[in-house]
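Shared between the two complexes below is chain A, which has chain B as its partner in the first and chain C in the second.
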Partner chain A sequence: MEPAEVEFLAEKELVTIAAQFSLDRIHLIGGDLGPFNPGLPVEVPVWLAINLKQRQKCRLIPPEWMDVGKLEEIRDQERKEDTFTPMPSPYYMELTKLLLNYASDNIPRADEIRTLVKDTWDTRMAKLRLSADSFVRQQEVHAKVDNLTLMEINTTRTFLTQALDHMYKLRTNLQPGESSHSQDF
Partner chain B sequence: MFVSDCRREFYDLIVTQRVLLLVASDVDALCACKILQALFQCDHVQYTLVPVSGWQELETAFLEHKDQIKLLVKQDDDLDVPAYDDIFRDEEDEEEDSENESDGSEPSEKRRRFEEEVIERTMKRRQRREWEARRREILFDYEQYEYHGTSSAMVMFDLAWIMSKDLNDMLWWAIVGLTDQWVQDKITQMKYVTDIGILQRHVSRHNHRNEDEENSLSIDCMRIAFEYDLRLALYQHWSLYESLCNTSYTSASFKLWSVQGQKRLQEFLADMGLPLKQVKQKFNSMDMSLKENLREMIEESANKFGMKDLRVQTFSIHFGFKNKFSASDIVYATTSLMENVEKEGPETTNFIKALDSLSRGNLDKLHQGLDLAKKQLRAIQQTVASCICTNLVISQGPFLYCSLMEGTPDVKLFSKPVSLCLLSKYLLKSFVCSTKNKRCKLLPLVMAAPMDVEQGTVIMVGIPPETESSDKKNFFGRAFEKAAESTNSRTLHNHFEMSIIELKTEDRSKFLDALIALLS
Partner chain C sequence: MAAAGGDSNGDSDSEEMLLTPAQLIHSLEQAWLNEKFAPELLESKPEIIECVVEQLDHMEANLKRAKKGDLKVSVHHMEIERIRYVLSSYLRCRLVKIEKFFPHILEKEKSRAEGEPSVLSPEEFAFAKEYMANTEAYLKNVALKHMPPNLQKMSLLKSVPKPNLDSFVFLRVLEPQENILVEPETDEQREYAISLEEGSQHLIRYRTVAPLVASGAVQLI
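Now for the complex of A and B:
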């Protein structure tokens, strides 16, 4: 999977905006989107929010977890624990990137938020690398990891599966006899 | 078409149609075009963009797209348009011979009525003749002088503001459009200061959040700041020394083409306590201690040396950690990109490149433009210095005349109208400072430069005289036309500014003689 595909999936998440135009309920394939009234908050998917923002037809309201205090707590929690802690949103990285790229003027203290999210991401990636390393080294057959988001899984997916494949092939070739029929891999 | 209410009579009409956008080759027009493009993108309006550099191209583009629904022309607009009724007169029904069948009316009455009608008709005819004479006078006054009104970028920004769709980006383009008018000396100082006041209100409205420390914006957001900045061209992207040498105001005041002038410059720097080594470095690498009070120090010393207007009110833009530009920087960069003589591809690439460089994402084009602008300014200064030292500026009676020879270095740069105009203005300023002849100081200047060697054409520009309180009205447009007519010279009055024409080299001398005769 490409990171762009993961971002595409993330754009379905709902976010709050304050519209600057009025429109009745619209019926889309994915569901209904509520009536739009100027100044009143309404929930829409991220793809629509970004489009409206670019056309200057709305003002984005940052999600409640996108706040310096909360993100600091999350980052410290992540650093303390050895395992992965639950994240405020399964698409926290993509949402941060999208909202801060297109609507940073609606989000207070945007630079600090970007730094905090990046710190959390770095810590989690380090843990992921460590656990993948120990997985391969100890030649485990299966492992269970909680609280990983799709973007993080996507970064190691290709490497991990291919590495384990290779390990498996090497292992089966070591055992003599019926399990290996071919010398080439 | 004259429009008084931008929104209702103009924007609301075109927003539902497909639009053809014809844009002149002028930084002000480019800025107005960018604002309009941003508005069109918000409202999903389909448009075609065609750059035009003269009346002929305008006609060809119009004929090509004749079946397009709406036509939009971007240009400088003129103020003081005379009242509609003074110029156009709806065709009134001509007096028809009233064929009243008045059967049986007495002949004397009929004759009396007939006489009255004759008298009425002569009165009307006389009124009409007077009206036409007045109309000719008004039109002559209107078309005799050429001058510039409000910047079209500012007009477009007004439109966006009325529709509440104005953004900081659009405000910046309006600022650049106004600064372009000031750099090219097209508007009076009073108008410039008034327009700066108008824009400053918008700037404080959009950028007041920068002072609030708690909720300050991300560093990547664009910020505009009002500055009472130095008038030195490109000084933040160059070294202070180069900038002092290549800005027309300082170079003319110091008379830097002479040895004495160079000495005065050294004295000036010594007076401020700036070591030569520091001043010749890139501005960003100068010592912080020297840069701190630079503006005030320079202003003080400049006052001592007779330069009272070294600081000017302007705006600067700031985004990211590295990027800080002043409005005049952008104007110089965009002009030199648009008039780049190195041909790279079809005709319109320069236009498109210049248009792109106005967006914040295309910093590499902007930096390329800044480099070209430095080359252009240096070339202008050197040409001005050589013209003055070799006394190439001669007085022809009613005007001064200067002609660039073909072998002059960098003469290719001056085959473009805006560069040639800049050169002529700088030359006139320097000449006024260098000459002792009081009468010559009040004369306008006509400048000629070779345009196309194979076709043997020359580009000629006329600029009004350099006085303290000039109203920047330029009468050379009409004068050139009349002179060309009377001598049957092969001229091309193609440019939107009537005071810039192309001429065959062979016809030059007789054209000039006719011009002298006309203006004396």
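Now for the complex of A and C:
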């Protein structure tokens, strides 16, 4: 899966905006939105929030967790624990990137937030590499990967699953030609 | 008693009759992700595709009547583009798999029992057959007919690789399952059973969970 596709999925998450226009309810295929009144908060999917923001038609109200104090706590917790801690949003990385890129003027202390999320991400990736390594070494066949987000899974997916497939093939010693080329996807 | 989840069949499929449009889009997205990550071609979902296309056509017809430059219209257009992307990515993904595994898919189709649902939609079936015929004709014209007569036969079934059902997949559990047997990787290890709790995420071989993917009890991620 392309990282852009993970971002595409993240864009379905809801965020709150304060609209600068008025508009009745919109009946989208995926559900109703609005009504929009100037200054009043309303929930919309991220893809719409970014579009409206680019057209300077709204002000973004950052998600509750996108806050220096909260993110510091999350980062420290992540560094303290050996396992993956639950993240405030299943798309925390993508949302941080999207919202900070397009609406950093509406997010207080944007640069610090960027750094904190990146630190948390780095800690988690280091854990992910460690646990992938032990998974492969101990020749496990099942792992629980709770609390891993889609973007995190996606960064390690191709490498990990292909490595496991190759090792399995070497171990089970399949005859060439039978299914030895089935993995060059 | 606990249901043996490991061999549950996809016989709950006929439940998805009355969906709201939002649920419909959601099931399209689920089908898209499952198809993207499953090593083999999954059962086709003609009813979902049909309904989504209908929704899109309906919405576009409505938008033609609306006045241009309206903010509302542009929001609708954006949503349509997003749904259309998922739909075409899903169909494209299926075509890639058909091109990759066509002899095996057609073979399975041939041995399919009466009444059992096909993994191919009628259009995909036509495509697969044509692709097979063209590949055979091409190989024949380019190489085989120049070979000595005893070497002019080749079996696509034997020369095209099969989908690797032993590959690993990531999944999220939608409906809890118990007693899923996990086969050991090496001879020294023992087979053991795991339970899949709702909402939990796992990394496991596709073969172990293939029936659960088909029945919708787990979502590949």
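Operating definition for what follows: the second predicted complex is superposed on the first by the 173 of 185 C-alpha atoms of A that agree within 3 Å, B and C clash if a C-alpha of one lies under 4 Å from a C-alpha of the other, contacts with A are read in each partner's own complex, and residues count from 1 in each chain.
Simple rule for what comes next: a contact is a pair of C-beta atoms (placed from the backbone, for glycine too) under 8 Å apart; a residue touches a chain by one contact, two chains touch by 3 or more.
Keep in mind that what you see is a predicted model, and the values were worked out from it rather than measured.
Trainee: Once the two structures are overlaid on chain A, check if chain B and chain C clash or fit side by side.
Mentor: fit
Trainee: Please compute the chain B to chain A to chain C angle from C-alpha centroids in the superposed arrangement, rounded to the nearest 10 degrees.
Mentor: 110
Trainee: Who does A:110 touch here: chain B (first), chain C (second), both, or neither?
Mentor: first
Trainee: More residues of chain A are touched by which partner: chain B or chain C?
Mentor: Of the two chains, more chain A residues are contacted by C.
Trainee: Tell me which partner A:43 touches in the superposition: chain B (first), chain C (second), both or neither.
Mentor: In the superposed model, A:43 contacts neither chain B nor chain C.
Trainee: For A:56, using the defined touch cut-off, is the partner it touches chain B, chain C, both, or neither? Pick first, second, both or neither.
Mentor: Touch status of A:56: first partner only.
Trainee: Between chain B and chain C, whom does A:144 touch in the aligned arrangement: first, second, both, or neither?
Mentor: second
Trainee: According to the stated criteria, A:73 is in contact with first (chain B), second (chain C), both, or neither; which is it?
Mentor: Neither: A:73 stays clear of chain B and chain C.
Trainee: After lining up the shared chain so the two structures overlap, which partner does A:171 touch, if you call chain B first and chain C second: first, second, both or neither?
Mentor: second
Trainee: Rounded to the nearest angstrom, what is the minimum C-alpha distance from chain B to chain C in the superposition?
Mentor: Shortest inter-chain C-alpha distance (chain B to chain C): 7 Å.
Trainee: In the superposed view, which residues of chain A touch chain B and also chain C?
Mentor: Correct list for chain A: 57.
Trainee: Of all residues in chain C, which touch chain A in the complex?
Mentor: 21-22, 25, 29, 36-37, 39, 55-56, 59, 71-72, 75-76, 78-80, 82-83, 85, 89, 100, 158-159, 161-164, 166-170, 182-186, 189, 194, 200-205, 208, 221
Trainee: Report the residues of chain A in contact with chain C in the complex, numbered from low to high.
Mentor: Residue list for chain A touching chain C: 1, 5, 8-9, 21, 23-24, 26, 28-31, 33, 47-48, 51, 57, 135, 139-148, 150, 153, 157, 160-161, 164-165, 168, 171, 177, 179-183, 185.
Trainee: Could you please specify the touching residues of chain B with respect to chain A in the complex?
Mentor: Residues of chain B touching chain A: 41-43, 165, 167, 214-221.
Trainee: Quick check on the complex: what are the chain A residues that touch chain B?
Mentor: 55-57, 100, 104-105, 107-111, 114
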